[in-house]
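Have a look at the structure below before the remarks.
As written, the chain order gives the labels A, B, C and D, with residue 1 at the start of each chain.
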Amino acid sequence: MSLEYTSSEMMTVTAARALENGTTCFVGIGLPSEAANLARLTHAPDVVLIYESGTLQTKPDILPLSIGDGELCESALTTVAVPEMFRYWLQGGKVNVGFLGTAQIDRFANLNTTLIGDYKAPKVRLPGGGGAPEIATNAGEVFITLKHSKRAFVKDVDFVTTLGFGRDGKGRDNVPNIGKGPTRVITDLCVMKPDPDTKELVVVSLHPGVNREDVMEATGWEIRFADQLESTPEPSEKELEILRELKARTERAHTGE
Amino acid sequence: MAEFLSLHDAVARYVQDSATVAMEGFTHLIPFAAGHEVIRQQKRDLTLIRMTPDIIYDQLIGAGCAKKVIFSWGGNPGVGSLHRLRDAVEKGWPHKVEILEHSHAAMACAFEAGAAGLPMAVFRGYIGSELPSVNDQIKFIECPFTGERLAAVPSVRPDVSIVHAQRADRQGNVLVEGIVGVQKEAILAAKHSIVTVEEIVDDLKAHPNACVIPGWAISAIAVAEKGALPSYTHGYYGRSNRFYKEWDAIARDRDTFTQWLDENVFKGVQNHAGENV
Amino acid sequence: MAEFLSLHDAVARYVQDSATVAMEGFTHLIPFAAGHEVIRQQKRDLTLIRMTPDIIYDQLIGAGCAKKVIFSWGGNPGVGSLHRLRDAVEKGWPHKVEILEHSHAAMACAFEAGAAGLPMAVFRGYIGSELPSVNDQIKFIECPFTGERLAAVPSVRPDVSIVHAQRADRQGNVLVEGIVGVQKEAILAAKHSIVTVEEIVDDLKAHPNACVIPGWAISAIAVAEKGALPSYTHGYYGRSNRFYKEWDAIARDRDTFTQWLDENVFKGVQNHAGENV
Amino acid sequence: MSLEYTSSEMMTVTAARALENGTTCFVGIGLPSEAANLARLTHAPDVVLIYESGTLQTKPDILPLSIGDGELCESALTTVAVPEMFRYWLQGGKVNVGFLGTAQIDRFANLNTTLIGDYKAPKVRLPGGGGAPEIATNAGEVFITLKHSKRAFVKDVDFVTTLGFGRDGKGRDNVPNIGKGPTRVITDLCVMKPDPDTKELVVVSLHPGVNREDVMEATGWEIRFADQLESTPEPSEKELEILRELKARTERAHTGE
């Protein structure tokens, strides 16, 4: 293969492939939404997408800009009130995969979307928790996707908005009625999974053309690599075509008013 | 029983300085027209509750109406930060604003509990999150049957809730359709409530299980055509995603913001969403 | 993902002896056809949960399927007693049946909590009632914010829930319309679920906020035309108030009841509501 | 006036008159439903009737046999799920008057719809609490209507299913967030109200043609009469006509299949 594609496209396609057909997925806005819809338009036509705005089993033709665009409701099986969404569908255990983005992530896959710096005197105030704190604990498992950088991948997050495995990797031990937590992190450089014992994130697969140094330089801690380090399969022509069409449709819709 | 008032009179009567106010609408049906009226009437020291502050609270905060914001996700959806919220929190402009933050699940349950007349909401939440360390309104209780530790937050019970909806009939019954968010809960949880609507009709033409709020559960109804712009009203008009993107530049700078506010809110009574829309 | 099964196969697969079963439908959409199938298959030792036992549980109890009944109002609505329930409770025929009784508010909240995956429901209830003295599953907790004493009951989480609905589409998504009761909650709270429907259609033609239960949240769907008779299906057929009145005489006497059961349930597979309807 | 009417009609008309126009009323099935609908069809066209089946602001043309007849849904403003009905509308404080019937009532207006005899070995098993326990405590006030008899009006109920004022009359004292409780009991003989201090039911009005002895004989405790004992106004011709039409329509509908 000698297809041309960007590292963003590589990330989205890899994230999309993680979603199996028939999975029920609670979708975060942005990169997760892009990946989840690509999955639905390619190998997983029966993936069930749920957005926290109450739109159940939605099939948007264009990517929503917000979590509650009209497109999500119009193409949904039905739309429920937001309390019902969080109580019956998420907390009620109907969600297999929570698909999240984040601003900061640490080695135990804890997520920070609250702030950079000190809580009382923030250097940068971020949007806050939103649905993530309970998506991460009530969904069967969690996929995370974000761009790789030293600012994002830090040894310890400034604030644990959303539990990965806690500051010591033991945050889910002996907690009843809790999901498995993050099972994979997909970036524009690689795929990481938590070590089965320590829960520290380990690179399990490098994207084509990426080497260990690239990842080490973009990660704020001494990142480990799996013994059996794999090479992430390239996007297919069809995946790229569908992704690009989706993004073009979306761009037209969002700028055309 | 709901009274039909002008938006000016409804806000003047029910939104008092220092009040606790919830303006709801989850991305959809955000009551921008009413928010602008609150700005025009220069209400002060408001405690503003809203799951997703969005541009509407960015405007109210920048205009100096807010003392405190209770929220769970404060961004410009799909675009970035709420610069006026950040400027207030990080730099105290136009004055310091206190924040109390929750997760969506907590706030959704808190609205539910408020509508249900309960003092608190109980849910399985905040496990492993550090939010409880910065919000003393998050507590934990034990299930008396299983011993499980569950989160508890106080219910939301605003002095006044404001929502936008598709239409009301002449008895003041209101139909909300599409993404219904926590609007019904906001109305039922509040002491007083204002609903702005696109139009008044003879017959709501509602489905048997539609989200209809009876007139006797609402304080005031005001017609505000396109009252949700730049957000949208399902069945009436779409979301101006373009304006949401443009807001980033407007709000980033104090002067541009102030100028926008002058031109589009203080002077632009009839044009709720601003010239840019 | 919901499987389309015959009613026989759905009941055979999911209703096990000794199971906890909720057949719901608040006056409307009572799953009589499914109840009769449970009787025909002579399921035993069931714990039957239902807010309003109604004739359907009178029949199941009289047929000897029940070990225990959890309920909040056990009468023949507008007519009088459920004689089979009373005969079992008062005189132990056909065998002793244990009861655990709640109020409607408690059970409605317990279904809600079950759907919400919580171990318990919290509400303002049972104040001054002596029900807590005869039901050890009613406890009280203290609100950590206000100190108010609130009632708590365990959530309802049946092994299998059975409801009737208007229609399903070919993907197994189900529309429930009209008086929706706690049907959605019953389905979502249960480990397994069976939905009987009047018909399978290509398109549900549902309103944006209609009560639609996705196929992936349901175990099995079985077509049962007129499956709710003598109760009713909004948009399909009315309630046989006459049969409800006639049931009083049928159920009052053990022999008449047994004869009715033989003729109308054991022999009358195709005629769910009985010859009298 | 020399209209002919039955004592049942007198009861229903008196109960109906208790409901003011514009009141929001949570309606029990049977006598309360008959009275509430008569009120709506006569002096209180804007009374809001709510049934526990989820039917909000309903205007049935015939009386429902059950609490969830199709008529209630078809003529309602909207129909909500039963948990919402009990949580938002009743517990949420939106109901002014809860209108209840009962099998047994005692001098402190406690209601028994659970059983006669001992709980473990009941002489008569009654239907149970249904909505009443929380209607009686969460509604602003409670009206009760039932036929007068020594079996029904007992000194102490066998079981307090639903709180009136408790076995000592003090059951609502110092309880936060509780309604006023029973403010009137309407029977086919008289109207009773709780004594403001002791909360014991006192006859405040006798229906035309009924004397004190009639009430005393039909009451299982030494019933007291108000100092200013009134005579209940007779039904009007119009009220009787509308009530009889309503009942005739209902009878036709329920027997006609």
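Following the convention adopted for this analysis, a contact is a pair of C-beta atoms (placed from the backbone, for glycine too) under 8 Å apart; a residue touches a chain by one contact, two chains touch by 3 or more.
On a predicted model such as this, the values are computed, not experimentally measured, just so you know.
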Compute the distance, rounded to whole Å, between the mean C-alpha positions of chain B and chain C.
39
Using Cα averages as centroids, what's the distance between chain C and chain D in whole Å?
28
Provide the list of chain D residues touching at least two other chains, using ranges where the numbers run on.
73, 79-80, 87, 91, 138, 177
Can you pull out the residues of chain B that are in contact with at least two other chains?
112, 116-118, 123-124, 148, 178, 180, 184-185, 208-211, 234
Given which chains touch which, is the overall layout a line, a ring, a star, complete, or other?
other
Name the touching chain pairs, please: which are they?
A-B, A-C, B-C, B-D, C-D
Enumerate the contact residues on chain C facing chain A in the complex.
1, 112, 115-118, 173, 184-185, 188-189, 206, 208-212, 214, 216-217
Once bound in the complex, which stretches of chain C touch chain B?
116-120, 122-124, 137, 139, 141, 143-146, 148, 150, 152, 154, 177-178, 180, 207-211, 234
Per the contact definition, I'd like the list of chain A residues that touch chain C in the complex.
22, 24, 48, 56-57, 73-74, 76-80, 87-88, 91-94, 138, 177
Which residues, counting only chain D, touch chain C once they are in their complex?
29-30, 52-55, 64-70, 72-73, 79-83, 85-87, 90-91, 110, 114, 119, 122-134, 137-138, 159-163, 166, 171-172, 175-178, 253-255, 257
Touching residues of chain C toward chain D in the complex: what are they?
26-28, 51-52, 71-75, 77-79, 81-82, 85-86, 89-90, 101-105, 108-109, 111-112, 123-131, 134, 148, 178-182, 184-185, 211, 232, 234, 238-242, 244-245
